[in-house]
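Two complexes follow with subunit A in common, the first pairing it with subunit B and the second with subunit C.
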Partner chain A sequence: MTASLVAQVAIGGLLMGLVYALVAAGLSLIFGLMDVVNFAHGELLMLAMYAVFEIHAAFGLDPLLQLPLVAALLFGIGVAIYRLLIARALGVRFNTGMVQIFVTFGLSIFLVGAAQLAFGSDFRSIDNGVLSGRTVHLGQIVLPLPQVAAGLVCLLAFAALMAISRTEFGQALEATREDRDAVALIGIDRDRIFSLGWGIGAATVGIAGVMLANFYYISPTVGSNFALIAYVTVALGGFGSLAGALVAGLLIGLVEALTALFIDPSLKQVGVFAIYVAVLMFRPRGLFGRL
Partner chain B sequence: MATSPRPNAITRRRTRELVVGAALLVVLALLPLPIAGTYLRGLMVLTLLYAGLAQGWNILGGYCGQISLGHALYFGIGAYTSTLLYTRLGIPPTLGLFAGAALGALAALAVGWPCFRLSGHYYAIATLVVGLMVLLLVQNWGFVNAAMGITIPFRTESWVQLQFRVAVLPFYYVMLGYAAIAWIVAWVVEGSRWGYIWRAVKDDVAAARSLAVRVFPSKMAAAAISGAIVGAGGALYAQYVGFIDPDSVLGLSLSVLIALPAVVGGVGTLWGPLLGAAVLIPVQQLSVAWLGSSGNGVDLMIYGALIMGLALARPQGLVSLFGVRSQAGGEVVDDA
Partner chain C sequence: MIGFGRKLLLGAALLGMAGGFAPRQAQAAPPDILIGAVYPLSGNAAPIGHDAQQALETEAAIINGHHDVPMLLGKGGGLPGLGGAHVKLIFADSQNNPQIAQSEAQRLITQDHVVAIIGSYTSATAVTISQICNRYRVPYISAENSAPSLSKQGLTWFFRPSPTDNDFTKAMFDFYAAIGKKTGRPVHSVAIIHENSVFGTDSARIQTAMAKAAGIKVLTDISYQASTPSLSVEAERLRAANADVVMPSSYTSDAILMVHAMHDAGYTPKAIMAQDAGFIDPAFIKAVGPLAEGVMSRSSFSIDAVKTRPAIPAVDALFKAHDNGKELNDLTAREVTALQVLADALNRAKSTKNTALRAALRTTDIPGAETIMPWVGIKFDKTGQNIEGNPVILQYQHGQWRTVFPFAVATAPAIWNVGK
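Let's turn to the complex of A and B:
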């Protein structure tokens, strides 16, 4: 095993880690805002990937050019989910915590079924995009271009998310997060902030989905794998923390790739979960968790 | 519990529950006799199994308020324990059942020890992750046939071995006994000192602690009872189906299936798990049979929509339709 192979695998893992971080960021944003864990988060990713595939098949539009389109589409889906389901789940008077969990679980089952009905259960992939089949050479290290592009775009999206949190809107988000009742007194419409939060959370997953569709298979259940990693990322980084999601995502991508290389590819997630359990033993709130 | 009812009112309610329970047991014992179809009887076997499993989940998730999304772990441990004891050592499943329950309880303690320090969503996700970690390890563990699973060979018709040529009717009574025992355990703990302690821990950890309630041991006790009931259910399921593999007895969807009847029926109530199973399992199985045979996903859409609809329309559970007040009260469960 040469050093360049290890470096290549490690960089590949970090690039995937950026995708995990962006998926987790959407989850973390929504959680931080209203204490709701979206168990249908992976299905949003799946919907974005199918949207890319279908638009590509119908109009020949390259996945990369679909970024704004699919992000906007997912923004709309996120707002709709908030308006139709989550706003109601937040309004129930009994067992609020449990209702949120099972409403989003129900939604995830529903969306998997809907995808099976609409798109069939076959695995699909896009292999004739602009990025497909190209590689990037850095000395002896060879990296597939779709993965490199995915990592970079996710990093940019992450930076944009960080920038948003610095704006006035971001401060309104933060204020709503800290005291969702008091913000009404200073003229912030809580319902509007919450639905924007869902829109942005879903749009970030949409961006990750577009980039993944360039090199990852697409199926109705593809979301569950990524959602799982996203829950671990968020819990590891600390719920509600963007920086935590980035660090944890990179760590998970790296551990996953190295476990696959040095131990066994089929155990790559065991390595990830073991790190998570170990961290939680010493820091129950995650690496960057507040409270 | 701001206005606690007079003690004799509680005693009257609990006696009434026992009478209703006994009457229901008689009805359920007679129910499969006029229903001859193997399919419908099989449906009833599954419903009773999930009623028992959800009753077990409810002890930790309902009364004690620790929302576990990893109960498939205890189910799988029960299933693998009794199956391995039977296929490798010839120990009858009627004994293996207890070994499965014991290991289920031990596993629940082992998961609880690190995880009970976490609260709210952190706890739920930790249980989910631990469950999946074990799933992945078992899928790669040659000693238990890895992802291939284990087939339980048919040897002889016997109640001790829990093997029957035509398995459905005998297993109906096995599962009825299982669900009944789970119900009785829930009835006993509901009225016990532990039952009150758990509800106090669930409603307000800080207040419970200030009243000298030892929170951690009480959660561990709930976990052990819960894990034992679900472990025993796993052993019975393995014997009923005759084949187990990691996906079918350790998967994430199973963890959700174990919790759902309690959630839909009424969290932290005696009748919720039973009622929830009676609604959810037939709907799920029948929609698969009628609509999902071609794998077109309509069955999943119906099932998902049902879960969303019931959770939103009846957050206090279906038991509220019968005038039973959810013991969870109106408080937010999440203490994160």
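Let's turn to the complex of A and C:
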């Protein structure tokens, strides 16, 4: 095993980790804001990927150029999900926790079924984008350009999210997160903050979806491949923490890749979940979580 | 939503009334014969399940209709042995999950009273379906499950017209020996990569044993979890091994990822010899495009064997009409054949009673020319395994699958880059 192979695998793992992190960021944001676990998060990723595919097929617009478009689309979908479903689920008087779980879980099943009906169950992929199939050579290390670009865009998205959290809106988000009843007293429209939170959360996963569509296959069930990892990432990084999602995503990508290289590829999830269990045992609030 | 629901109800009621007023046939036709089919109609393997559904419906249309296809029961008009009764398929969705496959099979048997079940694409689901069929004493026709261990469960209601991964893998190594002799560039090493359920594990075990027997080195044997988010490390390990032939046993989504990952790693294997499954799925070819060029796969079907199997064009055309212009492939052809075998047994049994049907299945003897498969024929041994099914090796050349081995039935010479 050469040093360049290890480096190559490690960098590949970190790049994948950035995508995991961005997928998890949206989930973490929504959970941190209103204690709702969105079980349809992976399906939002799937919707974004299909949006990219369909727009690409219809207008030939390169996936990269679709970034703002699909992010805006997903923002709208996020807001709609909040207004039509979540706001109602929050208003239920009894068994609120269960209702929230079932609403998003049901939404996930619905979206998978709807996608299969609308797009068919075949696997799709975009193989003639600007980035498709290109590689970057760094000495002996070969990196696929779509994944390098995905990593960079994910980092930029994180920077944007961090910047948002410093604005007045970000502070309103934070205040709502800390005490959703008290903010109403100082004139913050809680409903508006929540729906914007859902919008941003969905737009984030939309960006991840656009970048993934450059190198990953698209199918109605593609979301579930990433959703499980996203939940682990959020729990590992700490609920509601952006920095936590970033660090945890990178860590998971790296551990996954190195477990596959040094131990056995079929055990790569074991490495990830071993860390998860360890965190649950010794630091249940996650690496960056606040109580 | 309520309005929509009401409309649906109203529509259904109207349809029912229309049916009620339709003129009745003068003489009561014999009742349809119900046959269950368990396939993954949703989830990751849904494209395969969907194609299987269309393939089985195509064969049912051939048996029931009047398409006059030159093969056994190709004349149409139902099953003569049962007074022209039609076969009717009832599909159940396994979601590619062994537990769900089992409960769906049970439902088909106990509630729909199907006379037999056909399934199920993945070997992992076939394990549970075949066992439940055995318990209820209903024949299970395994159309395309290839794990050899399925025949070794001691089941007496299990029948498999298709060759197993044992036969398929033997064909691969026979091919290596033959092409080595022909070109003077033999295979010295292979790299095995497989998903870690029944199919992949069985396949890899046989490949390792046969490689050893053939004196070919296995440089690496990689097992991975199916539907993984990334196969790039696996691709790196394949690149590091740099074997003469990469031998994957993978389902569609992983096959797509793997080929992309190898490409991204800047690695072009000298040869890929796939254990069918994902690599032969039209969705795979569509998704990876030119990267599929040169891929070889074992197969039990060759679409270009038209000379000796005159039924192929007609069946293919009917299937295309059913399934959006998709061409018959190794999987769908075997599904067509599975229903043909079952219908033939029903026809000869002249009864839908389970014991009579099993007795008829056991005495099945269909010559290859009466099917669309390139096999010698179909004849089951004691374990329910067809002993006359012989596989072929296909290669994807210039945008289509060509038969390259055995040389006697080959329609194109193999493109062989090993040792160059």
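Criterion: the second predicted complex is superposed on the first by the 291 of 291 C-alpha atoms of A that agree within 3 Å, B and C clash if a C-alpha of one lies under 4 Å from a C-alpha of the other, contacts with A are read in each partner's own complex, and residues count from 1 in each chain.
Basically, contacts are C-beta pairs under 8 Å (C-beta built on N, C-alpha and C of every residue); 3 or more make two chains touch, one makes a residue touch a chain.
Being a predicted model, the structure only gives us computed values, none of them experimental.
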{"item": "Contacts of A:Gln8 with subunit B and subunit C, given as first, second, both or neither", "value": "second"}
{"item": "Touched partner set for A:Asp264, first subunit B, second subunit C, both or neither", "value": "both"}
{"item": "First (subunit B), second (subunit C), both or neither touched by A:Val112", "value": "both"}
{"item": "Touched partner set for A:Thr96, first subunit B, second subunit C, both or neither", "value": "first"}
{"item": "Partner chain in contact with A:Ala274 - subunit B first, subunit C second, else both or neither", "value": "first"}
{"item": "Touched partner set for A:Pro144, first subunit B, second subunit C, both or neither", "value": "second"}
{"item": "Touching partner for A:Ser219 - first (subunit B), second (subunit C), both, neither", "value": "second"}
{"item": "Touching partner for A:Ser165 - first (subunit B), second (subunit C), both, neither", "value": "neither"}
{"item": "Partner chain in contact with A:Ser121 - subunit B first, subunit C second, else both or neither", "value": "both"}
{"item": "Subunit B and subunit C contact sites that coincide on subunit A, given as residue numbers", "value": "112-113, 116, 121, 220, 224, 264, 266, 269"}
{"item": "Of subunit C, residues touching subunit A in the complex", "value": "42-44, 46-47, 49-50, 196, 222-225, 227-230, 232-234, 236-237, 240, 252-253, 256-257, 260, 263-266, 283-284, 286-289"}
{"item": "Subunit A contact footprint on subunit B (complex, rising order)", "value": "67, 114, 117-118, 120-122, 124-126, 128-130, 132-133, 136-137, 139-140, 252, 256, 260, 263-264, 267, 295-309, 311-312, 315-316, 326, 328-330, 332-334, 336"}
{"item": "For the subunit A and subunit B complex, residues of the former touching the latter", "value": "31, 35, 37, 85, 88-89, 92-99, 101-103, 105-117, 121, 220, 224, 228, 231-232, 234-235, 239, 264, 266-267, 269-270, 273-274, 276-277, 280-281, 284-286, 291"}
{"item": "Complex contact set, residues of subunit A against subunit C", "value": "1-2, 5, 8-9, 12-13, 16, 112-113, 116, 120-125, 127, 133, 135, 137, 142-144, 146-147, 215-217, 219-221, 224-226, 229, 256-257, 260-261, 264-266, 268-269"}
